[in-house]
Amino acid sequence: MDFVASAWMVPMLSLLAFGVVIMIGERGKAWTPIGSTIVSGVAAIFACCVWVQQWQERSSYTWAEWRWLTMGDWPVQFGYEVQSLTACMLVIVTMIGALVQLYALSYMRDDGRKTTFFAYISLFTCSMCGLVLSPNLLQLFIFWELVGLCSFLLIGFWFTKPAAREAARKAFLLTRIGDVGLLIGLFVLYHAMPNNSLALIDVHNAVQNGVIPEHTVTLVALLLFFGAMGKSGQVPLHTWLPDAMEGPTPISALIHAATMVAAGVFLVSRTYDVFLASSTALLIVAIIGAVTAVLGAVAALVQRDLKRILAYSTVSQLGLMMCTLGMGTQAALIAALLHLLTHACFKALLFLAAGRVIHTVHQQDIEELGGVRNVLPWTTGAFAIGALALAGMVPLSGFWSKEALFAVLLQGGAVWVTTALCVSALTAMYMTRAFVRVFLGTLRQKNVRASRDIPMGVPLGALAVGAIAIGWPPMFARLGAQLGEGYPHTPAWLVATSLGVVVMGIAVAAYVVRPRVIVASTRARQPSRKKVVPQRRFSGTGARVASILRVAVWDWVYRNGVVRPFQAFSRGMAQLDQTLVRACTEGIGTCTVLIGKLASRAHVGQLHVYGIWSLWGIVALLCFVLWKKV
Amino acid sequence: MTQTMTAYVLLAALLFVLGLYGVLTRREPIVVLLCVEVMLQAVALNVLAFAKYGGFEDVTGHVFVLFILAVSAAEVAVGVAVFLALVRQRGVDDVVKLDTLHAERQEE
Amino acid sequence: MALSGDFIAFVVLASAIVFGVLTFLGSGVIVHRVVALALSFLGMAGLFVLLGAELIAGIQVLVYAGAVSIVIVFALMLTPSHTHKPRTPTWRALAALVGCGAFGGIIWAVLLERTTNGTPTDALEFAVRDVGVLLFGRYALALEIVSVLLTVALIGAIVIGQKQKGGAQ
Amino acid sequence: MKGIAKGLGVTMKHMFAPKVTSAYPDVPIDMPDRFRGVQYFEPDLCIVCNQCVRICPTDCITLTGKPNPDPLKKNKVIDTFNVNFEICILCDLCTEVCPTEAIVMTNNFELAAYSRDELYKDKEWLYANNTHIRSENSTNLSPAAKGGKDNGSER
Amino acid sequence: MAIRTEQLLLNVGPQHPSTHGVFRIVVTIDGETIVNATPVMGYLHRGTEKLAEQLTYTQIIPYTDRMDYVSAMTNNYVLCHTVEKLMQLEVPERAEFLRLIVMELQRIASHLVWWGTYLLDIGAMSPFLYAFRDRERIIHLFNELCGARLTYFYMRIGGVKWDAPEGWLDRVRAFVPTMRAQMAQYDALVSGNEIFLARMKGIGTYDAQTAIAYGLSGANLRCTGVPYDVRTHHPYSLYDRFSFRVPIAHSGDCYARYCVRIAEIHESLNILEQALDVVPDGPIMGKVPRVVRPPEGEVTASIESPRGEIGCTIVSKGKDRPYRLKFRRPSFVNLQILPKLLIGESMTNLVTILGAIDIVVGEVDG
Amino acid sequence: MSMFVSAMTTAAVMMGITLGFVTYAIYAERKVLGWMQLRIGPNRVGPWGLLQTVADVLKLLLKEDIVPHKADRTMFLLAPIVAFVPSFTVIAALPFSEHLLLADITIGLLYVLAVSSISTLGIVLGGWASNNKYALLGGMRAAAQMISYEVPLLLSVVPVVMLAGSLRLGDIVQEQAGGFWHWYIVPQFFAFGVFLIASVAELNRTPFDLPEAESELVAGYHVEYSGFRFAFFMLAEYMYVFAMAAMTTVLFLGGWHAPHPALDVVPGVVWFVLKFVGVVFFLFWIRATLPRLRVDQLMGFAWTVLLPIALLDIVVTAIVQSIIR
């Protein structure tokens, strides 16, 4: 079977699952989630087959025949395209999708709208696969928006919680800002392309041949990147991502760690030619990525919410990837994608592990947590693997992908690699903090019992194995080789340095953040501590600086830096409007209203009157026609 | 023979206008419905008159009238059902009161 | 026009039809109106016979006089008594009257001027068969559409006419 | 369908069965002997004991007596004897108590009249009603009334 | 038909073919569906109970004839039985046998009237005439026995008025197999007929609890599976000497009532067969004082009439007239469930349900 | 002019025949019902009661013509006529033998069914105009019932038309020539059943006599009618008995054809009358046997039993015919 050529089956399977589940509705809540999971599993296996075949035969396949509609002479075509990048992404999306669904079988077991949840996940998987397989930018944009919609639906899944509602709206609006940029970019590109084609292959050729003028390319690249910023949570459009943690944890793992946020990176990678053609754009990408990476890491350091730590970590890691992409070499592309791959794996693992903790302990404030190790030993192990992988410890996948990043960044310049090393150190620190606070020490919650939960355990195990196994050097190298030529080579000193940085970070954090061993009875008498000291600082002044970077601060910045001035400007304009323009418009308006009122007299809503009017109209028309003829 | 044709056609026109007048002035929904029927009948008469005196060789006109009859039967079925539903649910038996399209009424 | 049997029949039927329609428009009791209209429908069937469309006449009687009138009377029986007779505002009636008059006048004028003669097709001996052939041949698609329409109307009427759950108030 | 067919069979069978209609006004109906019809009154037998008036549940009998025209006899004789057949329920109690069988039942039952007044029957009318007189009367008065005589069986 | 439109206040009766007399129901109908039903009684009220206070005990008996005029014999019996109970009178055995025979004949006659009129209500005309032909046979027997066709006034306190005439018992004996044959005909005509079944099955259903709560008796109670019959539960007369079944049904609908009544006819025929073979000779009147004057006291007795449990309560102050006399009239009691059964049914079912209750307006109104 | 006279004469003769039929149909019905109910039936006017109906009709004609005060006078007076006239008009198209028919209409079958549907209007109007609740209920039932049963009635005729290939009644009979096995009752037994049941329902006769169900609606739509207006309704009903029995004979029982070609010596009219009398007798017979259906059962029966059977019959006939052809 030619799996590559029938890759369209993957989104179709998910779509089928979505349709069936949503149509059956809550009636089938006993078995539709399981069915949906099985379909996702089949899709994942299919995607793996596609990937393996693509890898072995190095074949790429494009089919874009189906003409959806024609606007003037411009055809809007649908189709799909399989090549190494997309095959790889397809595997990630479907794999994690399937695992998350399996996980959610248990996590969402008692939810009233379980089937809806699974339907949404299926729709999301479908859209994401559609996005990945898109052969042209228009189709990509359509799925891009669908993905955004699914994200909105899933963040706001528990819409009875005000915070969830708020977060969903925020995520939707902020990503929409990015999307507007992307759309404008598409318009510009459409205008600039010689044959108005938005097919990626045509864009590739056009940019390679230099058909498009330099400044247009820069503009397009920046606008595309703006879209990617929105989706991938780059500063300053990142604030929605931590808030999106109000959604169910499996969703955080699937959408806000592994797949959707990676769409931005994917978009940049897919249109990398455009970026390569513009050094300005590359520089901006690198700067924004670096800033995001640092800010995200610092912010993660001071969060109390376990999921928010992971969310900021995601922001930070995505920033790293963007920064790497900003280096503008083929190796950079490969390195960024490899990191995307490994990150998807271990970040999903971390989220799922965190979800398991939350599901068991019903608490996600790390200051209130502790000693979970005793309850969930296996989960602790999985989290540790994920954390170490994220930090970049030696045998784990994160290490290898980070090494690739460092190598690329080193070629870009010392400043980049230094930043990256700082980020690496910070990463090690916040992950250590989170781990120590959550898993070590004394368990404070009473009556916590962990049940053996196979649907939750299997994805954790699978992802943990993935987080270790992807890093297996021969395999990792071959992965890189599949993605493209020029897998970067890291100098030994850099390896050593980076490892040192990580170890140092862990050590510092372990020193500062001691596991809390507290007698439960004394804690119990002081439940209000949380209120007295609302923010638990990482360490004295450093943390105070770091706290500037939290979401609240960014909201403040938005409010004072953007909203307030804009409001002031608006107020001024309003004054102008009230005095000068109003005088002019009032008259016109009054006239219009008067005419409207007069006309609305005729609009009585009664058959008879309309009929009489029509009749008179026909009579007049007849008279006119006859008179013309005579 | 021309005159025969004219007579039929003029009768049809008269009926059509009478039906039209009824539609525009009568207020009972059922009567309005029936006025539309009168108009349809006028059309049918017209078509048949042409079928006979129009110099056609086949009976296409008859087929058309059959279609008119079918459509008007459907119209009556749905119309009467709508009428009953109106009377039942809103107590409306007057076309003039069916003015939910009116801007001011809509807010009520 | 010669004083033939056809002519007499035409005059009689036409007067019956016009009388029926006028009574229909003018009468005060709604059931009287429907009956008057049934009379015109029957007259119309007579005209159809004169025009050589016996099949159509039969169906006309079956559908209009037989079914439509009864359905309407039935519907009237089911609804509260129609004692009050709403009056249309005079200006509206006048506007409609003038409009209709003008419309009718124009048509009348045009028809008088333009109706051309053709040789009357002979009384079609096998009209029924011909109609059938046309119906299932050239107009098969239209027939199918009409049958779908009828089905939809039937179902629609049932749905609309259904008793509201929990009682309609 | 089977049940309906069976039913059709039954009706068809009855079509040829003998009819039960009697040609009543043309052919009078013979009532059994015990039939309680309109009373026959024989004034000569009446001793004006008033028992019938007292026993009548509907008070439909009125009678007056007068001294016996034969001055030798002390007893009274009947003067008027009216039965109101508007309310008489033909219960047979009057004949039951009558010690002399002056009032007895007949098998005549046709009482239809055009006027209510006609239903007041006087003694002449009742005396004239002398056909189909019941053969056994007052057979079963309570034993005390009949002097304790056992008249249980008539076999 | 699902037509909800104007509601119509329909006055069924007191002059209506299916109310079996001057009974009246005011129904509110919506299309064909009954929304509300109010029975109006009393058009035939004659104040029997009050009149009885002015009458001697013997004089009351003909009034009972006119209460349930379709089964006068049982009415006669309940009064005589109560007075006898009060006075502790012995009734000669022959008289008691005659009473039992006429009561069972009466039950058959009454059910036949019901059968015919009920099917007439449902719309079949022939069964009515067939039933009346067979009832005519019983009436003729009664006519021979006591000289009346409807208001028999046969029973007296302490016995019966007439002994059986010559050959009468043989004629009754001959009647039994004839009637059995006729019943087979009825079954063929009705019991398998799909239309009849469709009209009766599932209509006017109630359960045993409801039936008991409403105080129903007779076939109306037995159709719900409660095997209550005064003849077996509180045996009176000679019923404890005969073996018979109390027919019951379980579905509680009109068809169940129908089946119970038909089975009761069969059972009555069985009783007749058994009784006719053992009628003894002897007097037909017990030792009864000339003036019936029960001792002071209160007594209640009830028996099974064709329509249900008919009861009689007498309060005596030692006079020859009752101080108070009260009848428990089964038709009246059974009728109370009617409004409950009617709501939501169609006009047509009104007739079916009312007919299946089997009322006699004389008894309802008293 | 002579044609006109002869036409009028024929019409008059026909009227006499039908009136005679109605007279003796009523008589026969009463007799048959009487016999089946162990009675004798009318026997007092004339020999064997033969003039009973005449006496009844005379009585009705002489009775006071009562129009209830609150009735809608116009409609009340009009309704019996509307019910009666079509019933009489129907007779014109019926072929009694090869030569004995008044009007040979191309669409005879359609004509009969169409014209007979007008009578419903009369019944409904009568029910409405009486301003009596029982009459109104009866009228509504009549409307619902007759419209419902018209559908299976028409559909059950379609297979016959398909077999005969003509709407002309004469043609339909001709197609059935040649013995019993050529009659359409043989291939179209189900259509025959549906037609018979539906026509009984159209006639408002037991077991479908709901519009006048005397045990519920007292007399239904004509409860307020008396005198000759009542007689009109009565005449209309029996006229339709005539028409429907004749239609059954024509459509399914081979019209005037003998059951076997050898019996052709007997004139066609005789055969026609024999079959016709058989159908009429059947109508009386079921009236004597069956009770009335309930409204919902009635409607349900039409739509869920008769209609599918009729439709299926059409489909099967079409298939079989296309195979044979």
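The chains carry the letters A, B, C, D, E and F, assigned in the order they are written, with residues numbered from 1 in each.
Criterion: a residue touches a chain if its C-beta (ideal position, glycine included) is under 8 Å from a C-beta of that chain, and two chains touch if they have at least 3 such contacts.
Being a predicted model, the structure only gives us computed values, none of them experimental.
Asks: Using the touch definition from the top, list the chains contacting both chain A and chain C.
Replies: Both-contact set = B.
Asks: When contacts are scored as defined above, which chain pair ends up with more C-beta pairs, D-E or A-B?
Replies: By the number of C-beta pairs in contact, the winner is D-E.
Asks: Can you name the chain that lies farthest from chain A, using the mean of each chain's Cα atoms as its centre?
Replies: It is D whose centre lies farthest from that of chain A.
Asks: Between chain D and chain F, what is the gap in Å from one C-alpha centre to the other?
Replies: 53
Asks: Could you tell me the distance, in whole angstrom, between the mean C-alpha positions of chain E and chain F?
Replies: Going by mean C-alpha positions, chain E sits 43 Å from chain F.
Asks: Could you tell me the distance, in whole angstrom, between the mean C-alpha positions of chain B and chain C?
Replies: 7
Asks: Could you give the separation in Å between the centres of chain C and chain F, each centre being the mean of its C-alpha atoms?
Replies: That pair's centroid distance is 28 Å.
Asks: For chain B, jot down the residues that touch at least 2 other chains.
Replies: Within chain B, residues 20, 24-25, 27, 84, 87-88, 96 contact more than one other chain.
Asks: Would you pick out the residues of chain A that each touch at least 2 other chains?
Replies: 608, 611-612, 615
Asks: Could you pull out the residues of chain C that touch at least 2 other chains?
Replies: 55, 59, 67, 71, 76, 78-80, 88, 92, 96, 99-100, 103, 127, 161, 164, 168
Asks: Please name which positions on chain F make contact with chain E in the complex.
Replies: Per the stated touch rule, the residues are 33, 36-39, 133-134, 136-137, 140-141, 144, 206-207, 209-210, 213-218, 287-297, 299.
Asks: Would you pull the chain F residues touching chain D in the complex into a rising list?
Replies: Checking each residue of chain F against chain D gives 32, 34-40, 285-286, 288-290.
Asks: Note which residues of chain D are touching chain F in the complex, please.
Replies: Listed in rising order, the residues are 4, 7-8, 10-12, 14-21.
Asks: Spell out the residues on chain C that touch chain B in their complex, using ranges where they run on.
Replies: Residue list for chain C touching chain B: 1, 6-7, 10, 14, 17-18, 21-22, 24-25, 30, 33-34, 37, 40-41, 44, 47-48, 51-53, 55-56, 59-60, 63-64, 67-68, 71-72, 75-76, 78-80, 82, 86, 88, 92-93, 96-97, 99-101, 103-104, 107-108, 111-112, 115-121, 124, 127, 130-131, 134-135, 138-139, 142, 146, 149-150, 152-154, 156-161, 164, 168.
Asks: Can you list the residues on chain E that touch chain F in the complex?
Replies: Listed in rising order, the residues are 1, 8-11, 16-18, 29, 31-32, 119-126, 129-130, 133, 189, 193, 195-196, 198-199, 346-351.
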